[in-house]
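What follows is chain A paired twice: with chain B in the first complex and chain C in the second.
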Partner chain A sequence: MKETVFKILETICEDNIVRTNPDIDLFETDLMDSLGFAELLADIEDELGVIIAPSEVDRHVISTPNKLIAYLEERASL
Partner chain B sequence: MTFYEGYPFFSTLAVILLPAILIGMAGKPLKWYSTAATYLFIGLVFFNKPTQALYLAAYYVIQVAIVMGYLHLRRIKGRIVWMYRLALALSILPLIVSKLALFLDMDLFGFLGISYLTFRCVQIIIEAYDGVIESISVLEFTAFLLFFPSLSSGPIDRSRRFLSDWNTVYTREEYMELAGTGIYKILLGLIYKLVIASFFYQGMGMVNGAKDWYYVIAYAYCYGFYLFFDFAGYSLMAIGTSYILGIRTPENFRRPFLSIDIKEFWDRWHITLSHWFRDFLFSRFMIQSIRKKRFQNRLNAASAGFLVNMFVMGLWHGLTPSYILYGLYHGALLAVTERWQKKSAFYKTHKSKRWYRFASWFITLQLVMLGFYIFDGKLLWLLGF
Partner chain C sequence: MNILEQIQMTALLFPERAAMHTEEGSISYRELDAASTRLAYTLQNLCGADKTPVPVYGHKSPEMLIAFLACVKSGRGYCPVDISVPPARVKSILEAVDAPLILSCEPFPPEALPSASLRIFTKEEIQKTISSAEGPKLRESLRPVSGDETFYMIFTSGSTGTPKGVQISSNCLNNYLDWSVTLGNAAEKKQGQIFLNQAPFSFDLSVMDLYTCLACGGTLYTLSKKTQEDFGRLIPALKESQASVWVSTPSFADVCLADPSFSSDLLPNLDVFLFCGETLTNRTAARLQGRFPNSVIMNTYGPTESTVAVTEIPVTPERNASESPLPVGYARPGTWIEIHDENGKPVPEGEKGEIILIGDTVSTGYYKQPSLTEKAFFCTEKDGQSFRGYRTGDEGYLKNGLLYYCGRIDLQVKLNGYRIELEDIESNLRNLPDIENAVAVPCIRNGKVKSIAAFAVLRSRPENEADTVQNIKNQLRQFLPDYMIPKKILFLDRIPMTANGKADRKKLRGMLS
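This part shows the complex of A and B:
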């Protein structure tokens, strides 16, 4: 799962910093905007089969690559 | 009585909030008291507006039926698209009827707050379809829908966030902090609205009606600052009142005139509105567009998304040429900004430099002020329409 998330993020953010610094804040650094966020949700559903509604989670819960991975792992374990 | 205006409102508010502060400081639940306060204020504000009161009552009954009915169907029948669309359409219908009636110089379903209440009902229906909300009691729905501090003009809260606060019993220390912040926000809001907004309003009056370019610019600036201090002042008072009742209503403004580009502006101006549209319209339109491959590339998709999003926001303000133009204007600005930031090598080389940031801020401010000038109906007036 981790690898898939990194790949998705690298494509959307067009920057491998998401892999080298997985604690970077995606929204504050402008790596991800509202358009990128929509792509992220679509990709997560397609590749991981996890449906996250756009209003479901507060952005600060999944604002870094590590936080996003932790959130997805928790969802998968339910 | 009018919300956040005049001596009768503020003196009643002070009398009503005092017991709330005592209850909160005693570490007791506030939800029953805040619900009672809501009924009292609705009664006082709509007392001398019987037609509006009737529409509000009818609206409330209709929305309870739609929201409760849909939640029930969603639980027993699952995600069925036509049921979802029907519930959505029915829930938005009163708002559409009221706006169309206004357009035809009639009064149907026109009551204070209908535009804002619609967001709250629609949010619950969409999240029910998503499976994020499974159930809500009539009592909770009522508390959320009619919560008096933000009834007339927002901020637009979300039901899950609101209800988690509503059901919270704060400790004495937590509540003291909340109430202190609340009082500070109300006082700051008063200064914004009564002192600063009034000052700019006077300025508008001095140059209103003149068509010389320098008067036009002076008017646009005065109106822009008036609009901000008036609306941000109202929002602060609504948020402050909510805090004292134990509800941490989200912020609506965050120094919008410091924005460096238009995208940032919409993250700082009328935030609860733009974030609502982002979560319930823009994101969903984008995800669907990606799925159905509606557009050749992501830039075209984004441009269409921004235009649709802001067009609907314009319509929501009212069915007038100026509001619609305002929406399309901001949609176009967002689309152009997106293109510039994704495509331009110049932007990528210079975006972090001081002079670029300054120039970008300056241009953004002018575009924002022009937007307000359109919003106020003045641009079409100036052009002779």
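This part shows the complex of A and C:
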């Protein structure tokens, strides 16, 4: 799952910094805008089958690659 | 169709119906008609014989719409300038228009003022004018724009680094509206319905919702920039809208689709999605069909130079399953589409070439730019009548009367519906003190431009690359709107060249992946 998330992020952010520095804030660094965020959620739904509602999940909860992975792992364990 | 008469008619038949709903309040057809007429008289008194189009600065307040209609009622075109345009670019637009005054519906940034003599008619003055106790003077003494006179003028990115004004005449708009009211469902079904407005008014996609709505006596429900950027506000706003007609870029639908609640449960009245401004992908269409099984999805295509859009096609699940990429549609009545090779000769059906548009919605040309106009526009005969034609610079092909879009033949790109000349970014980059040379290239994924990257040669080696990138982006923001700021800036010792001495854009694009 981790690898899938990194691959998705790398494609959307067009930068492998998401892998080399997984604590980087995706929104503060311009790596991801609202459209990239929408694409991220769509890809996660398509490839991992997890639906994240942006109006229900605060962006800060998933603002770095590590936080996003932690969030998805928690969802998977429920 | 005569849009001004149509609005007046709705104001008489349904005076209290809302013409526009904004976060700052609503305005009824009666108020809109009366207020715009009052402001038109004031404009006529202030400008006199000067018929220069009037820049209207602001975002999505009711005053914006009042100002637009006031200009055209007074016999002047208007030129919408959104608050998202940075002051330096507002200034260059104002210099190009050279009007005696501007109407400002939001606080006007002082650094955007080209000369101290330009009169700013402020929001407060607009409000005072339209609420003055004396009723509007006799309608007869105003002469609204008609025929080939400019109704509106929209500035688009220009390859020299300064934007150019596309003039759309009263005839163009009215001819366009005869067709746009029929898109997706019958014009009668759109009567009095709610139309969603996503695009800022300085983007001509907004003409599709604004004027189609007014032509149908509908209510325009606007989404402000702030609301669009925040899901916590966007989803409730969509629910509140109860819109029947959706007009947006496909990218905006993608943003909405990120929320699982975006479905026919949220918008049960939604009859039609009208998409324009960029490629509609099969993926976006399929996801929408899943969420809105009873809504019609329309793909359309057209440049600003031929009044918003000229082709249409409903994207059914069958078509979406069988065709990739999707066609952009059949020509509207009144538009002829031809595909030409580089020598200007028509190519056989099915072969790729430049998309040429001829017909009754082609712009009268670029404002005060005769040489640019001559390059892109021409006159020709169709059915024994003379029509204007426009060379789009888009690449495409025709198959059984259906148009397919393949991209650009020059250095223009479409990013999230925004039209960008890469050379516009490059010349603004080169104007920065630290940059010696720069080339901008599109990053393309799944057939769609996803972002812009820039390669730059610096005058001196940067101490910290990341800081220098941020610094360049910040400097660029003074001159270019956000959507034109490259996402990635990479430094090179020199720009690779092709054999004939041009920047090797292909090689640069290859360096991105």
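Here are a few things to note about the model shown:
Everything that follows uses one rule, which is that the second predicted complex is superposed on the first by the 78 of 78 C-alpha atoms of A that agree within 3 Å, B and C clash if a C-alpha of one lies under 4 Å from a C-alpha of the other, contacts with A are read in each partner's own complex, and residues count from 1 in each chain.
Everything below uses one rule, namely that a residue touches a chain if its C-beta (ideal position, glycine included) is under 8 Å from a C-beta of that chain, and two chains touch if they have at least 3 such contacts.
Because the structure is a prediction, the values reported are computed rather than measured.
When the two complexes are overlaid on their common chain A, residue A:S55 makes contact with chain B and with chain C alike.
In the superposed pair of complexes, A:L41 makes contact with chain B and with chain C alike. Once chain A of one complex is fitted onto chain A of the other, the partner contacts of A:D15 are limited to chain C, with no touch recorded for chain B.
Common to the chain B and chain C interfaces on chain A are residues 34-35, 37-39, 41-42, 53-55.
Against chain A, the residues of chain C that register as touching in their complex are 228-229, 231-232, 234-235, 251, 254-261, 283, 287, 416, 443, 445, 450-451, 453, 473, 487-488, 512.
On the chain B side of its complex with chain A, the touching residues are 123, 126-127, 130-132, 158, 263, 278-280, 282-284, 286-287, 290-291, 298, 302, 305, 338.
The touching residues of chain A, when paired with chain C in their complex, are 11, 14-15, 30, 34-35, 37-39, 41-42, 51, 53-55.
Considering their complex, residues 33-35, 37-39, 41-42, 53-56 of chain A touch chain B.
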